[in-house]
Amino acid sequence: MDLLTAIQSNLLSPAILFFALGVFAAVSKSDLKFPESLYTTLTIYLLTAIGFKGGVAINEAGLGAVWLPALAAMGLGGLIPLWTYPVLRKLGKFSMADAGAIAAHYGSVSAVTFIAATNFLKSINQPYESYASAFLAVMESPAIIVGVMLGKGALGGGKFSLSDAGVRHALRDAVLGKGVLLLIGAMVIGALSGKRGMASVEGFFVTPFQGVLALFLLEMGMVAGKRLGDLKRVGLFLLLFGVTAPLVHGCLGVLLGGWVGLSTGGATLLGVLAASASYIAAPAAVRLSLPDANPTYSLTAALAITFPFNITVGIPLFFELAKILHA
Amino acid sequence: MNLHPMKLVTIICESVLEERVVELLRECGAHGHTAFDVRGSGNQGQRSADMLESGNVKINAIVKPAVSELLLQKLHDDLFKSYAMIAYETDVRVLRPQKF
Amino acid sequence: MDLLTAIQSNLLSPAILFFALGVFAAVSKSDLKFPESLYTTLTIYLLTAIGFKGGVAINEAGLGAVWLPALAAMGLGGLIPLWTYPVLRKLGKFSMADAGAIAAHYGSVSAVTFIAATNFLKSINQPYESYASAFLAVMESPAIIVGVMLGKGALGGGKFSLSDAGVRHALRDAVLGKGVLLLIGAMVIGALSGKRGMASVEGFFVTPFQGVLALFLLEMGMVAGKRLGDLKRVGLFLLLFGVTAPLVHGCLGVLLGGWVGLSTGGATLLGVLAASASYIAAPAAVRLSLPDANPTYSLTAALAITFPFNITVGIPLFFELAKILHA
Amino acid sequence: MNLHPMKLVTIICESVLEERVVELLRECGAHGHTAFDVRGSGNQGQRSADMLESGNVKINAIVKPAVSELLLQKLHDDLFKSYAMIAYETDVRVLRPQKF
Amino acid sequence: MNLHPMKLVTIICESVLEERVVELLRECGAHGHTAFDVRGSGNQGQRSADMLESGNVKINAIVKPAVSELLLQKLHDDLFKSYAMIAYETDVRVLRPQKF
Amino acid sequence: MDLLTAIQSNLLSPAILFFALGVFAAVSKSDLKFPESLYTTLTIYLLTAIGFKGGVAINEAGLGAVWLPALAAMGLGGLIPLWTYPVLRKLGKFSMADAGAIAAHYGSVSAVTFIAATNFLKSINQPYESYASAFLAVMESPAIIVGVMLGKGALGGGKFSLSDAGVRHALRDAVLGKGVLLLIGAMVIGALSGKRGMASVEGFFVTPFQGVLALFLLEMGMVAGKRLGDLKRVGLFLLLFGVTAPLVHGCLGVLLGGWVGLSTGGATLLGVLAASASYIAAPAAVRLSLPDANPTYSLTAALAITFPFNITVGIPLFFELAKILHA
């Protein structure tokens, strides 16, 4: 299967099509509206399921196989803001706060993009390290901390201080936020209960999983669609950044994945993680600690540009790259 | 029956701020609060409540007049500039003034 | 299986029994209460699932097989108000607004009645055209538009006007309302992703489907049960109408179904659709555009009379009729 | 601290009306609003919020006194007769009058 | 336009009390009410709304001044001592006084 | 498998581990929060599913096999308050209202503890009477009524009166509350629709059941965790009572189960039911009818002591006891 076939087959998967339907619903101003609690419920389900499955995989593969690539993933996440921040400052002319905020979002990761990538690999029967959700878990926080410090000017001797109530709340959210807690918690549970545990809860965490993702992407499509109107306001530079950054970071991730010994599937996933931008953990933490950053910039770029780019074109692209690398 | 005048302070703000605002309430001397999730629109656009991150919360506290003044001042100084929010004060009457 | 056995077996299905439990809960004033978001969530699930399955069926059968019966279904829906309106005006002595409102509800369709009918057919192993949910999708709007125009006196030179804010909102809701959007959207997705797509989301959209329907009918039972008290207020005429209209329209639908070449199962479904009265799309649209219509009339008739009649007696009845017709 | 008097207009109505009422608010000159779903009972019976179609919504807007008057008049003329709804006005005090 | 003064009574209490409070409202002469679920904190600790049993409800009723007085008195006598709750009165203005 | 292995295997099941994660989330003050409607939704699901399955089992076993153990269970529930009340009064120095309230909670039962026990038995392939959920249904109310009467001083000539609005509401909730209604309602439905009904809704009520329980226990863990801070306030006596009462009642239940002819699995379940304390039906009913009882006492004891004790240590313990008894 070449790149075009891969992209096409990806575009015709129910999950992606439901995302498109959501965008359409938002743009056409339909009265379709998800109940406010459904978004959170689906998030909890997806994070728990992906964490649990990853834990069962760790139980089987052993921690020995996981620590090196996980460390590499974590490092990559923490480093990404270090080059995106100056680019945003110099080329994008963003304020310190805005540049730090955007850098934090792009260094952190998107769980749903990751899940869409595992679905893509499954649909084409491409094996991958199922413990890869451990990378997702460890990549969420570091970039947020680095990005916030950059945005506060801490590296230039600025005013990053733990006595600031916003920073304190933000740090706690970055390290112990619901995303990390559910992912790592469910992972530990999966690792402890192993195959026998999986057998008992498979009918909930595995059987309906892909369908739930499709429903969630319908809602994500509506959320992203409502942000399309903001595209004009964020400016051309950020539009370009929203596509270039995932391309660059995705390639880096794939390379790093190959280098630390991941399979074609695993390297694809690390690429996808690096390419993805957070819209759950990062927005809340950044909003609290960098109040002067305009959330429209980071959220619109992450949700309305990078997320759709990754789930439609990015995933098959990084997969093709991983294949070439392993050939 | 003896009704006593009190101030009802209402704050409508981004959901991420809930914890901080409740802390602030306590610091200023409020003895309780009530909160619930709302949607809305204002200067900073529409806030739809489908993601916590872009939702609003409405926080009510009944306080003594002096506390109300202090509270509004603090909200103004610390939060008004950076966040999507409004706050206002209403006159109310309660039965057990010592509770507030 | 003769009519009585069919009715009896239908009455003992979990879905119908859960509906009865819901009615009991409402009537006995139990404190059972579904969270406000659960009703909407279940609606979204059922509409999406039924649409998606229909789309996969269209993908297999080809649009060529679908268009004629779909067109016939649509026509039937649009025509029903044309005779129910004068009946309601003349015999029922209803005001123009009320007659138009009720006509709109009875021309439009009830997705849950349709789903209950497919479950009935499945439970007796009766095959049917699985693309029949396309009929459901196209029958929702036309009757609403016709009924509203009648209620506004448009056909008698009355004041139906697009500059009326209520009418504008109502038209948009009728054509692009969440029901139609989810049904048609999921149908297109099913048609595009086909069998491969179905394989991936089957564990969500098919496996738990019948159980979810049972839970939804529990809630519907509570909603209908709360309306039982209104039965006195709507008058004897509407009680009779709530049973006669589905009988007449159901027979018409079965006949039309046979005529355009549907199988016994398919004709049953078209009959059920014609017999059913809307309580999702129609109430909102009608409320906005015919504010002087009393919603107690249309909702009580649709929910507390016609809906229970159809899911208990109507479905097996129309099935028997379809069998006779095909024998 | 300088508090400025404003009017808080509250509208409780059938959920299907939300969009129309918010449009009306804008037309009358309100610069924002806050909304949330409620249940209730009144002249037109119980409204239970289990189906959107039979639920209620509560809409708040802080506006200048003149806007409040216009708004209530319009609600009265356009909607009161046909729909299950109530509306009322309360005195409130805010810090940034130019915002409303 | 002719606005008429009324009293808005607000009760915030444990969710289990909702039905009883609504009954009490009717007995005292209220013609309607509006309710919704909230979370909060007060003398009796935090009430989180995750279980109905430990959640709060906020109940509003617009009533004539005499009804308000009676209602608050009754709440005080029957419920205040035993349950986590507060109640207060606000002045509001409405268009159709006969409705309340 | 001996006691320690049983306990250990129970502790490593996903459900128990998710409970621990919930406690951790609450204690660490993470921002993880379940939407308010999710708790209710999961409760409705679990009660309906367990009731339905029990009904199907009754359909198979016949009412003849069920009535005697069910009656015994009901009696046990109603009697438990008769000795816990004086103990709480004399030894614990509790007020009449508080002692009655706590007695009502401990005589009534916890559906989730019961479900956790059936899961434990299933995971070790121990058969049990699947109609045992009938015991759960009949044990909920009697203790509440007895406890409330005790708390009102009715047995000492006190002021228990049906003209008290609180008592009236409470009685209705105890007898017709959502817990009883869903359990008994679903049970009747299961008994009426039998195996054929089960076949149609199995994908919803059985397949995902254990996973849903795990998710619910995550939330229960958070609820219990938030109550840990109250442990100091309830005093040492209640801490001891929260562990002793389930031990005593559990043994009684197992003995009674053996005596009325239940299998090892069934006797275990009756023990678990007797040992469990209610935190759904009892709190609401008791709050309304014994307003002077401090809910912190009963809820903290039931939720933060007895519930965790039962699902971790109690279940395997009562199972071992049942084995010894049957050996």
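Lettered A, B, C, D, E and F in written order, each chain numbered from 1.
Here, a residue touches a chain if its C-beta (ideal position, glycine included) is under 8 Å from a C-beta of that chain, and two chains touch if they have at least 3 such contacts.
Note that the structure is predicted; figures quoted are calculated from it, not measured.
For the pair chain C and chain F, chains touching both partners: A. Fewest steps needed to get from chain D to chain F, stepping only to touching chains, is 2.
The most distant chain from chain E, with centres taken as the mean of CA atoms, is A.
Seen from the C-alpha centroid of chain C, the farthest chain centroid is that of B. Pairs E-F and B-E differ in how many C-beta pairs touch across them, and the larger number is found at B-E.
For the touching copies chain B and chain D, the fraction of interface residue numbers used by both falls below half; the interface is of the different-residue type.
Note: centroid distance chain A to chain E, computed from Cα atoms, is 45 Å. Once the centre of each chain is set as its mean CA position, chain A and chain F turn out to be 41 Å apart.
Centre to centre, using the average C-alpha position, chain A and chain B are separated by 34 Å. Shared interface positions of chain C, defined as residues touching 2 or more other chains, are 33-37, 40, 207-208, 284. Touching two or more other chains at once are residues 36-37, 90-91 of chain E. Across the whole structure, chains are in contact as follows: A-B, A-C, A-F, B-D, B-E, C-D, C-F, D-E, E-F. Residues of chain B touching chain A in their complex: 14, 16-17, 19-20, 23, 37, 45-46, 48-55, 79, 82-83. Residues 33-34, 36, 39-40, 165-166, 169, 219, 222-223, 226, 279-280, 283-284, 287-288, 291-292, 296, 299 of chain F are the ones touching chain E in the complex.
Residues 35-37, 40-41, 44-45, 48, 52, 172-173, 176-178, 181-182, 185-186, 188-190, 192-193, 196-197, 200-205, 207-208, 284 of chain C are the ones that touch chain A when the two sit in their complex. Residues of chain D touching chain E in their complex: 10, 12, 36-43, 56, 58, 69, 72-73, 76, 80, 86-91. Within the complex formed with chain B, the chain D residues making contact are 1, 3, 6, 8, 22, 31-36, 62, 90-96, 99.
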